[in-house]
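A quick write-up on the structure given underneath.
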Amino acid sequence: MKRVYVNEQWCLGCHLCEYNCAFANSGMTDMVLALKGKPIYPRIHVEEGEKITYAVSCRHCEDPLCVKSCIAGALFRQDGVIRIDRKKCVGCFTCVLVCPYGALAPNEDGVMQKCELCLENSSGAPACVQGCPNRAIVYEEREESQ
Amino acid sequence: MRQYVIIGNGVAAAGCIEGIRTMDSKSGITVVSEENRAVYCRPLISYFLEKKTDPERMQYRDVHYYERMGCRVLYGKKAVQIHKENCEAELDDGTFLPYDGLCLAVGSSPFVPRFEGIENVEKKFSFMTLDDAMALDAAVSDNSRVLIVGAGLIGLKCAEGIVGRAASVAVCDLADRVLSSILDTDCAAMMQKHLEEHEMHFYLNDSVKRFEKNTAYMNSGAVVPFDLLVLAVGVRANTSLLREAGGEVNRGIIVNRQMRTSISGIFAAGDCTEGWDSSIGQNRVLAILPNAYLQGYTAGINMAGGSESLDNAIPMNSIGFFGLHAMTAGSYDGDMYEEKTETSIKRLFYKDDLLKGFILIGCHERAGIYTSMIREKTPISSVNFDLLKKAATTAAFSAQIRRKKFGGVV
Amino acid sequence: MGIDFIYPEFEVVRNENRCIACRVCERQCSNEVHSFSAERGIMMSDETKCVNCQRCVSLCPTRALKIVKSNCTLRENANWQNDTIREIYKQAQSGGVLLSSMGNPKPFPVYWDKILINASQVTNPSIDPLREPMETHVTLGKKPDRVRRDEQGNILRELPPQISLSMPVMFSAMSYGSISYNAHASLARAATELGILYNTGEGGLHEDFYKYGANTIVQVASGRFGVHEDYLEAGAAIEIKMGQGAKPGIGGHLPGAKIVGDVSKTRMIPEGSDAISPAPHHDIYSIEDLRQLVYSLKEATEYQKPVIVKVAAVHNIAAIASGIARSGADIIAIDGFRGGTGAAPTRIRDNVGIPIELALAAVDQRLRDEGIRNSVSLVAGGSIRSASDVVKAIALGADACYIATAALLALGCHLCRTCQSGKCNWGIATQQPELVRRLNPETGCERLVNLMTAWRREIMELMGGMGINSIEALRGNRMMLRGVGLNQKELDILGISHAGE
């Protein structure tokens, strides 16, 4: 299935993906209104190491530990996409404890959120990919050794 | 066609159903559920008390779950005996369920020590099931004084759920600290302070000597009047079914990494088991939710003729109180790296080139990266540990590992 | 500050109503113009460092930024203009030669813009390139004077070595060192995809790019950096660089700071050492000397590759070209005075050399007059900005054009003209790894291919309008051009009539 991949060689560490993600999931049509003057809660985050940056979002694992560990049954897999029913989440953070990629984090309400590939929001395709200025983030099918 | 029987209807049972169905989509599955409810996750009951969820949202799976999974659920039934010779489980209504594969997902039961005078306490509750929580929910009022015996995970989550709804909440425990099963002294002190700031009162290193109606007389001499008593001292794995069938049990039903018990054809999963803990390299009861599901799932696959092994189970807990989250995993063995602020503490334990365990309070971001290092036994020498100490980041891994993890072109 | 202070040339205008303080501008500015004030919770800017490269403007997700020309002005003076005065201040402060990058920005006449192209009406039908064949392919190299046959009367097809281009445009010389690895990768890949050539410049050829050899011109310049047998063998053609339009008469100087890692390896000089290309080739003081080098290179490559001699357009360019044509060179590349550079002394760049339009016309005419036009191909460079510039150049006599600035613009260059700082925010004129990575060659290649594809379509449209269906038929066809606002002398040199004539 198509996933979001990052080519760390091309990541600039500009963090635009985080802002584009937060905006795409804000439900608003104006980025300024959506993001100005408040902390953002993106579903992708830029990892920064020594001389290296790259964005990480949910890998949509074949064998998702978060889903198996979710105490509320809020996380589930649908057509290969790991989805979250945010109404069910109680904010126990067990998924944060188990996700090997650090891909889950709470929003401002303490309810978990994660990348759902922008399938449900108005973006329609991953906003991080569309907005990446250097094609460091791509949305494509790849052979993977999981 | 085979016939699978699962005794118990918790998360381990759900894992078992889902495990079976990865291998065998046709054979019948019978689930024996003592509670008159579809599967839900027991740790949610404190959130129910806190009104953060409700019975509908607590459903672990959707309403068509059992139907979709081809399961027959016998609600309100209890298994009383296993006839291993005939491969049959006997229920309390006299039904005999023949099985090709049986999974015991029978969980644990609250353990109630004998307190003097407890029989005269009117309003006493345990805190295991949704029914328990509903009873407590119905009993609590603005002027209730609540005493909770047990400052472990269950007792404190109960306290958190009730503290805003009662006049006062006191918690006592024999241990000298809160959450003694998962936190060391310093970390427990930080958490205790936080809990006290949220109107909880503690009697630690202390226990109830005797109850006199609605008053607890403590060993320390303290006198604690209360209206509601919650007993959350601890739980015991339900092992009797297997023990009586002649199976091997210790503090839990002994299972190997395929979740097989000592009796052929019988598997066990969840809080009732004593299984492999890779963090200490020996068996122990790992009564935590992710483990219940994973064990159930593993058992299910193996019951249906597959070959699955749960090799990397470790203790791990994520528990939050009033916005302050504590996460722990593995064992607190070896050298310690510590970072501490007013509101957070991070302790990483490492030994023999491996991360062995951690305690994180108020600094849980991406903790799963640490957890994965413990589970996968990633050699510390293969990562940038200095970077990793400061923050859980996959950037600390080598380019090769990152490539593998993220499938990216590096 | 104080007497040394020069008011910043640009102002960073930030619309506070739009800025979301995402700090992308801060992270993307290698000049450290932007910073976040935690106390005030807003972004701040230090305009003194701004070079107006527009990186922040381009990446700002809310379009909160613009860079405008500062209107802090010195007293108006038609003679002592602001720039001139500022340069005086800089030199009074530094005592140094002023350095600049990219092409001459001064308001000299751009002859391309004073030349108009013809179109067919009524009596000579135009051609619709969407419906009829249109040839943009060109072949560069010596052409025979006449058809030769063997004893049986068969046509002898042996030709001197040629290079074949799908359209009459090539990417001109930019060295690895002056531009980044990723810029080179973009050019090499695009040239290969397009069926045209790019040029290594004087920096050698990175080992990764040997695979693009069939689409590579390898350059030999006065410093001889990176030249060895395999290098010469690798390319489709060899170019001897005698001069460069941006800095005729002087050599090059790539500071040691840029000679790092692979750049040093590729140039075959130690890390950190300055790469100084001498002003002249020390073995060339005459056309005869040039001929020796031309033939040395031909000999080294077994006469399989055409040799290009590149010169800057200077005053007596026609005579120089005539000499080069007789030196055995297969192709002459002429670089006009508006050609770009990674760094040149400002005074040289802005005051030396002549426009390519005049030089090209003069050279073509001179070679025709001398009957040696067919013994060389002519490549014109030095600010070819569009498909119409290409068409005009060909009609003035060029076989093909060299473009570089246009290619860099396609790669993201915003012509801020501070290549010499080595801090190119677009990942082009820099060797800093974190900046180099800003240019993903996949995007770079794609954009270059897009640009050339677009130009090729426009060239076909323009040719079709003239009723011409091949570059061959357009070359030197000055009847297709008319001048506007040019004096008789200019028209004479260009060899074209005035509009209306």
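When the chains are written out, they are named A, B and C in that same order, and each has its own residue count from 1.
Everything below uses one rule, namely that a residue touches a chain if its C-beta (ideal position, glycine included) is under 8 Å from a C-beta of that chain, and two chains touch if they have at least 3 such contacts.
What you are looking at is a predicted structure, and each value in this text was computed from that prediction instead of being measured.
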Identity of the chain that, by mean CA position, is farthest from chain B: C
Chain at the geometric heart of the assembly (C-alpha centres): A
Chain pair showing more contacts of the two, A-B and A-C: A-B
Geometric centre distance via CA averages, chain C-chain B, whole Å: 69
Centre-of-Cα separation between chain B and chain A, whole angstrom: 28
Geometric centre distance via CA averages, chain C-chain A, whole Å: 43
Chain A: positions in contact with at least two other chains: 7, 9
Touching residues on chain B, where the partner in the complex is chain A: 11, 15, 41, 43-44, 47, 52-53, 57-61, 289-290, 293-294, 297, 316-320, 323, 325, 327, 329, 364-369, 371-372, 376, 384, 387, 392-396, 402, 404-410
Residues of chain C defined as touching chain A within the complex: 17-24, 27-28, 41, 58-59, 61-62, 433-434, 437-440, 442-443
Residue ranges of chain A in contact with chain B within the complex: 3, 5-9, 47-50, 52-54, 56, 59, 65, 68-69, 71-73, 87-88, 90-102, 104-105, 110, 142, 144-145
Chain A residues within the chain C interface of the complex: 7, 9-16, 19-20, 23, 31-32, 35-37, 51, 131, 133-136
